[in-house]
Structures are given as C-alpha cells and as structure tokens.
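Chains: A, B, C and D, in written order; residue numbering restarts at 1 for each.
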Amino acid sequence: MALELKPPHEASFAALAQVAPVFFSCVLSFAYIAIYWNNHHHLLQAASHVTGRVLWANVHLLFWLSLIPCASAWMAKNHFAQATVAVYGAALLAPAIAYFILSRMLLRTHGPESTLARAIGADVKGKISVLLYLLAIGLTLLDPRLSLAIYVLVALIWFAPDPRIERLLAERRRNARRDQAR
Amino acid sequence: MALELKPPHEASFAALAQVAPVFFSCVLSFAYIAIYWNNHHHLLQAASHVTGRVLWANVHLLFWLSLIPCASAWMAKNHFAQATVAVYGAALLAPAIAYFILSRMLLRTHGPESTLARAIGADVKGKISVLLYLLAIGLTLLDPRLSLAIYVLVALIWFAPDPRIERLLAERRRNARRDQAR
Amino acid sequence: MALELKPPHEASFAALAQVAPVFFSCVLSFAYIAIYWNNHHHLLQAASHVTGRVLWANVHLLFWLSLIPCASAWMAKNHFAQATVAVYGAALLAPAIAYFILSRMLLRTHGPESTLARAIGADVKGKISVLLYLLAIGLTLLDPRLSLAIYVLVALIWFAPDPRIERLLAERRRNARRDQAR
Amino acid sequence: MALELKPPHEASFAALAQVAPVFFSCVLSFAYIAIYWNNHHHLLQAASHVTGRVLWANVHLLFWLSLIPCASAWMAKNHFAQATVAVYGAALLAPAIAYFILSRMLLRTHGPESTLARAIGADVKGKISVLLYLLAIGLTLLDPRLSLAIYVLVALIWFAPDPRIERLLAERRRNARRDQAR
C-alpha cells in the first residue's frame, strides 16, 4: 500500500502538504484492506473445511482487493475528480460482493448450526455497506465529497468493535482455558 | 500482479477504457497464477516428504511463474501484437512444464500407490494444456486473437471444479471427522 | 525496503558513491523495521489471546511502519534537508507510539502477572526512544546531522541484547526441554 | 526479483533480445536467492532454539540478500561493465559472510554434537564460495566475463545435490515413519 505513496520532489513542509490527498486515500485504502484482512482471517479460522469452490471464491476476493491500491492512486492523483471517485466506489463494492459470495459458499458447506454460521450471523454490516457504496457511487454526480464522506463512514462502521467477532474470540479464549485446565 | 496495472493519467471514464487491454491481461495472468497457487498447494499438501531435487524443481516453477506478470505487461502495452502474444504463450508453457517436472519428481519418491499419486492421477488437464499452449503459440502467425481465446479456454478448463481435488478434499474431511470422533 | 534503492545510471564506483546517502538511510530504515519485526514477534508470541481492539492496534502499527520507507526515500533524495529529517523523525515516532498502544492493550487483557507483562516489563527503552525522537525532531532546527546521530543511537540501543527477551527465550528453551523430558 | 525485469518497449523478438542481459542477471540472482532460501530453511529447521543474537544475525543476512536485485539490475543495465560486476560480486560475498556468521552463532548455542552441527558440517562449500567470490572480484580488472563465469560456477556448485541436506532429509523421513509406526 505504501508503494502508492511517492515522496514529494522538494524538501519543504509545503511540498509535503501537496501529498495530503494521496496520504488521505492511502489511509482510507489501508483501512479497507485491513478490515478485509481481519474479517477474512476470522472467517477462515471459523471454517473447519474448504471445497474447491471456496478456494476460487477466495482468489476472487483477493483479485478485487489487489485493485484497491490502483483505484486509490488514480483518485488521489486526479484530486478526487468525479469519475475517479465513482471508480473507487466500484473498487470497494467489488470485494464487498466477493466477500459475500465467499461467506455464502462457506455457509452452504458448513450448515446453519456451525460456528461459522454464528460468526457470520445476519451480516447486517455487510449488507448496509453494499447499499452505502451504491449510494456513494450515485452521489458522485452531485458532489464527490459526499461519496468520500460515505467511504469514510463505512470504514468507521467496520472499525467499531464487532460484537460477533468479540463473542467468538471470547468463546475461543474460554475453550482454550478449559483445554488447559484439563 | 496489481503492480502491473498503472492508473491512467486522465480522470475520465474514457481514460479508463484505454486501460482495458491491461486489465484483461491482468485478470488472465492473475487467474493463471491463482490456478498454479491452488494446485501447487494441494500437490505439496499431498506430499509426505521432499528431497533436495524436489526443492529445486519447486524453485524452478516459482521462477517461471514470476515472469508471467512481465510477459503480461509487455503484451498489454503493445496491444496484443503477434510477437508479444507468442512470448506470453511461452511464459504460460514454461511453468506448465516446470509443474510437470515437479509432479514427476514427487511421484518418483512417493510411489504409484501413494495419496500423492492419486491426487495427480493421469494429469490429463496438464497434458492437454501443454498441447493447447503450443497450438496457441503457432496460431499467433495466423491471428493473435485466436491464441488469446485459447489462453482463456485453458484457464476455464482449470477453473472447472476438479474431481481429483474435490475427492481428495472430501477424503481429508472424512478423515478429520473420524479423528475427532475417536 | 530494497525497492527504495535504485541503481545509479552510470557504471562507475564514483556513481556508486552518489548512492551513499540513500544507502545510509536504507540501512537505518531496514534496522528500524527489523527491530519492530523482532519485538513485535516476541510480543505476540507472549500473548495468549487477542481481542478485536488488539487486532486494530496491530494494524495501526503496521500502517505507520509501512510509511518508513517513503519518509526514508524522501530524506535521502533531498540530501538530509531539515524538513525531511524532521518528518523522518515523526515517521519513527509514530510507530513507537503505536507500539506503546498495542502493548498497553495487550497488558490490559492479560493482567500484570502474565508472561506478557514480564516480557514487556517497565519498557524503559520504549519510553527513552520516544523522548529521543522528540529531541531529534527539535534539533533539526539546529543541525539535522545531530538528529541523524540520535536516530542511529536509538537503533543501537535496540540492537544491544535485551535482557527481557533473552530471559524469555531462555525460559521457553527450558520449558521445551522439560516438555521433551516428560 | 521479477520486478527487476521491465518489459521492452517495442513488440518484436528483436526487442526481446535486448532484454537478454537483464534476463541472464535475473536468472543468476534468482538462483542465488533460491539457494540461500533453501539452505536457510534447512538451517533454521535443524535449530532447536534461538537467542537474541541469532535473530539479529538472521536480519543481517536478509539485509544483504535484499540488495542482490539492485546490484543485479545495475550490472545488467550497464552491460556488465567492470565496476558493476565487481560490486555484484561484493553483493554475493556479503550474504555469504552473513550466512557464515549466522551458522557459527547457531553452532555456539547448539554444541558440536547437535543435529544442527551435523547439518552444517565442515561447510566446505561455504568456504570455497567465499574464496571464489574474492577471486572473481579481483578478476574484474582482467575481464569481467571471467568473473561472471565464476558466479555461474558457484551457483552450479550449490545446485548440485548436497549430501548433507539429503542425509538430513532422509533421516527426518525415517524418524517420521518410525513415529507413525509407533
């Protein structure tokens, strides 16, 4: 992600200020990739087995995630012009859909009573995120800054401690202690 | 792989359209590397031990895989000119041969009755792929688009769920359940 | 990190000498990232469980570490001009604070009697480092070379064998032997 | 390593031929890094415990290895000019010395009767390599092509199956079978 951030040519604080938009989009994209990385890690830890289809759904997700830095760089370089902000929204929407596909495929092989099903839950956050991305892409026609505000908002929603994940981690902690006590 | 994809200079959807050939070759190359990554992962999981020769066969495969992004970028930058499409075909052929060498070396040390031998099977897909790559390289003299269609076709052949891998995964799943039940 | 180091254009030893400032900042940044990598590895090994907050503190640390190569390249390219040396100091200060936050969050969930608490200890090195970074950033107004000397000094402090880590490693070694002897 | 290999600008086989020197140095450097990667993997697998000093010796080795691609690119871009070939030799010599330091530090903590000591042995290959690198650096004054031939020769020496490693792997295989048979 840091590859995207090129150092300015001049050696002054003013030159550094010019890098601010790139820095902002770099932070936003880093946050998004970190969110996926954390959730993906939990999802696969909760999975007890994988099928060939799940492996491809996983690669599909990784493909879209790998495009985020490029979309982010394009947006920052063009000072958040309308088309670039819309494309960035699409670059966030695509992995959200890919993540949804991956979690549904895992659910199908694990059944509704599995630890995995509990870890995924109703996935309200995931569904709201998709709607917000679509709204943000539409809003680029009005004002790209509104779209950027929504992208920041979605990241904040995901940064808030997730009761599902906390519950799962607490459970795993209790199980680990119980196993040690035996 | 995404390093290959440079954002366009202008901030319009038209500028984005110009990136389409790079995007296409990027998707194709990503798919190929994902296919090798998945198969390689299964191959080494089925292996119970490795020799020094196997380690070098593995490095040999990685070397050729690491050249795919470069061949892909060259092809896309030159709008799929004849020579570049032929070289891209060679860049796909080389890891296919390297993968064949690796699987034969593993077979030799494991014997025909091993789990590994069952996982590899007759390797019909691998053999057909090599023939199709050779055909595609030849067809660049006629029309490079025919060659590209074959590269896409080979990727689709590998994307189709592989009964060998599915069988192996199902078996492992059963074994894991049996071990837990004990 | 080596991505930062571009080979000179001319093929002479004189051309190589011109790369010396880049090489120096590359070595310094590599040393810093190695220090964090080693300490981070030990910190997480001593942790027996993680919460959602710890995961984010971890990502926060990784974000700041990923900016070090960029700050380092900017500084070297501008021959250690005042503003660039101050920004490099900030780029070293930020992960130091992020590491402190991470270790406090881990401490809170593990309690003062845990192996982790012993591994962290009073964290004198960490606190001195933060003070030295602040001093160095201030000293750029006087002479950036003083600041660079302090950055080197802090790295040397961390390179010195850490009794806390050595003790922890020795303990783990003893435990491993005891487990084998059983 | 493949990052070093930039695709040529023109779309012809002739343009590809111009990339040949870069390709050669890329193959050579890839081979060297693969050799270290394999040997390093075996060395650390044979180690039963590490100290803080060993961790730093390890980082020291990684630092020098990370410079090989840059030295390699410089050499290829300047068509194997004298100074660049000498510097490349130094870039090969440095990790060889770092590897020697790492293996000595591991030996000191494991004792002469350990599995590790047997895995390292008298390290004849390592000592010969250092002498050959020094010879090659000197020979750049006469003809850089002689030096390149020596770099290729050293790589071939390491590619030859290593009886020490083969013995160790065979032993591990026997132990694994014995453990299963119990």
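Worth pointing out:
Simple rule for what comes next: contacts are C-beta pairs under 8 Å (C-beta built on N, C-alpha and C of every residue); 3 or more make two chains touch, one makes a residue touch a chain.
Only a predicted model underlies this, so the values are computations on that prediction, with no experimental measurement involved.
In summary, the pair chain A and chain B forms a contact in which the copies contribute largely different residue numbers, shared numbers making up under half of all those used.
Each chain gets one centre point, the mean of its Cα atoms, and the points for chain B and chain C are 39 Å apart.
Each chain gets one centre point, the mean of its Cα atoms, and the points for chain C and chain D are 27 Å apart.
Residues of chain D in contact with two or more other chains: 3. The touch graph of the protein chains shown is a ring with every node of degree two. Residue ranges on chain C touching chain D, taken from their complex, read 1-3, 5-13, 16, 27, 30, 34, 37-38, 159, 161-162, 165-166, 169, 172-173, 176. Remark: chain B residues 3, 48-53, 55-56, 59, 62-63, 66-67, 69-71, 73-74, 77-79, 81-84, 87 touch chain D in the complex.
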